[in-house]
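Next come two complexes, and both contain chain A; in the first it sits with chain B, in the second with chain C.
For the complex of A and B:
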């Protein structure tokens, strides 16, 4: 499927969650064995078109995330390729044992599409924020963890996952009018990070929505004479070790994520560089270990210190 | 062709095997209570009910059997060994370090262990997914059998799965609940009441059957009746005794996991052979 300026613009307006519904329409053309299971999240995922066009490939299991993943495992065992979806937090924390046993231990190639990860639906409170989903899913053997930067990359990641046999968690972050990082089609490969900008002083490895903010932060820093490299780490697991190694050679390595500072991208990078003989210091920017009160998305991003200006400021402070 | 004597003999051998396997497992013990309670039901299933191609356990026309109460694996292995699916080596490796045949089932497609279980409350969802998949494949000859414990019905995920099975019209799904009335900590009645469990399943849209879970003839007849013209998901309550067959194990919650020393082993064998 070709991505062009028009559909990239449309996806951005829809947000990553509803981009899923658009891309799902391609699945039957890729593999007739693909089926989609939703836990009462058809409309937030924009799956109405898929449901109506491919009713035989679609199941709604109701508000039952444990059963969602369990049924998917039964279907996978018999040769089908299930994509399951619910809000990021409920599709991971609520059914963690099912993910561990079915996707990890038994290695069924189920794909979980976690909608509205991070702070995207933080207006509903901490119950709906997903700050620990990367930490949980990447702790499970066999899992692939994807965290696309924008809606273009959401499309690329979903299409790549549809052709991949491994158990995968696809973390969709951001909200409607999702800022565009990738303005045109490009090559996407699971496990291969993308360097969006070269720079010599600071290397930022970012994931999800924070890729866009990091590019903006880099601009602010460059105005002050700091040269910044920005890498889009769209695959948290398996981690692109070569990309991390190269970033560790700068004066300061920074990881930025809309996720808890515990267990996410920052931790994955820290684990990787721990034994390097020579490495830069590592600043982990994410959501600190606390809960924030509900609020609109952009308000919350500022509350947790993840706006581009705040990211730039935090980097300058330790530089 | 159903042969009561053959199935009775199998059950008798399996009960003896369970005692031997527990004795051999030494001081770590085994999940003996909940294994002894399912001997007759498993014997009837593997001897007379399940459609299996023993020379190719991946044959797509087979019935799928899922042991959701994974701690009953010892009984399943013993039955599968006696009917010629598992080898002498397989059964001899039971509970040995690094074995594929241990306390809880480890998925082994070639040997007919359909899924890895042991974390309770998973098997019925796996069964629902498998039954949906059979329908997708237009496989109308195979059915999916799931065996759970009554204590396992404490798990909330069971009820998510129960609701979905009738919602999806799964007339190819057969659930067996081993109603031995005990869970790890004691009698279910004392730990977490499950008043009118049969009514609960019925209200979730399941056709409910009951049988004496130690009477092979009754078990066979119940399955035969339940499987003919099945129109909805079916649950068979097998009324059993945890630890059945050995007086000092029967109905004792602290024999959920048990150790047989020389003396107790001898006593158990004497009772089985009496």
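For the complex of A and C:
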């Protein structure tokens, strides 16, 4: 499908969660065996069009995430290619055993589309925030973990996942009117990070919504004479080791994510560089190890220290 | 193409209606102008007039006529 300025802006306005519903309309053209199962998330995922156009390819299993993955496993066993969707926190933590056994161990190519990850629906409190979903899913053998930077990349990741046979978690973060990182179509490959900006002093590896904030932080730092490289690590697993290696040669390596500082992108990078003989220091920026009080998305981003200005400030302190 | 023609054309293209119908439209009058169609319209208007609309204006654009009033805030005259 063609990604142009107009649909890129439309997806940005809809937010990554409802971009899913638009991209899903492409799935039957890719593979007629693709089916979508939702845990009562038709509207939040923007799946009304898909449901109405392809009623034989859509199932609402109700608010029952464990059944969601269990039923998807049965369908996968019968040759279907299920995408399942629910809020990120419920589609990973609540059905972790089903993911481990039915997706990881059985190696069924089920795709989980985790809606409103991170702080996106933080107004409902800690129960609806997903700060540990990357940590959980990447710990399971065979799993692929994707974390798109914006709604353009959400489209690219979903289309790539639809053509991929591996069990996959697609983490959709941010809210409506999601800032645009990719203003035009580009090449996307699972496992291949994208360098958005070159720089020599600091290398920022970011994922999800924090890619945009990191680009802004880089601009702030550049105004103060600090040269900053920014890499979009849209695939947390398998990690692009070559990209990490190149970033580790800078004076300071920084990872930025809207996820717990434990177990996410920062941990994945730290595990990778641990045995490097020569490497830079590594600053892990994310949500610290505590529960975040409820609030609106942009407010919460500042509360946890993830605004562009705060990221730049953190980097300057340790540089 | 005049601003009014560009403006009307965005409605005609997004919602697949004729010009006369477009000029009478209000949000959710037709199935195409639902929440998804609304965002498509906003993107089309931003592209046509090279502007970036504020969130409140995106929400307030509830009819063809209201849209003209909102776009005037961005220096677009009809």
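Annotations
Just so we're on the same page, the second predicted complex is superposed on the first by the 319 of 319 C-alpha atoms of A that agree within 3 Å, B and C clash if a C-alpha of one lies under 4 Å from a C-alpha of the other, contacts with A are read in each partner's own complex, and residues count from 1 in each chain.
Rule of thumb we're sticking to: contacts are C-beta pairs under 8 Å (C-beta built on N, C-alpha and C of every residue); 3 or more make two chains touch, one makes a residue touch a chain.
The structure displayed is predicted, hence computed values, not measured ones.
Residue contacts after overlaying the shared chain place A:7 against chain C, while chain B stays out of touching range.
More chain A residues lie in contact with B than with the other chain of the pair chain B and chain C. In the superposition on chain A, contact of A:66 is made with chain B only, not with chain C. Once chain A of one complex is fitted onto chain A of the other, the partner contacts of A:49 are limited to chain C, with no touch recorded for chain B. Contacts of A:220 after superposition on the shared chain: neither chain B nor chain C is touched.
In the superposition on chain A, contact of A:25 is made with neither chain B nor chain C.
Contact residues on chain B toward chain A in their complex (touch as defined above): 107, 114-116, 119, 121-122, 124-134, 136-137, 156-157, 160-161, 163-164, 167-168.
Every residue of chain A that touches chain B in the complex is listed here, in rising order: 35, 56, 59, 61-62, 64, 66-67, 69-80, 97-98, 101-102, 105-106. For chain A in complex with chain C, the touching residues are 5-7, 9-10, 13-14, 18, 21-22, 46, 49, 177. Residues 36, 39-40, 42-44, 46-47, 55, 58 of chain C touch chain A in their complex.
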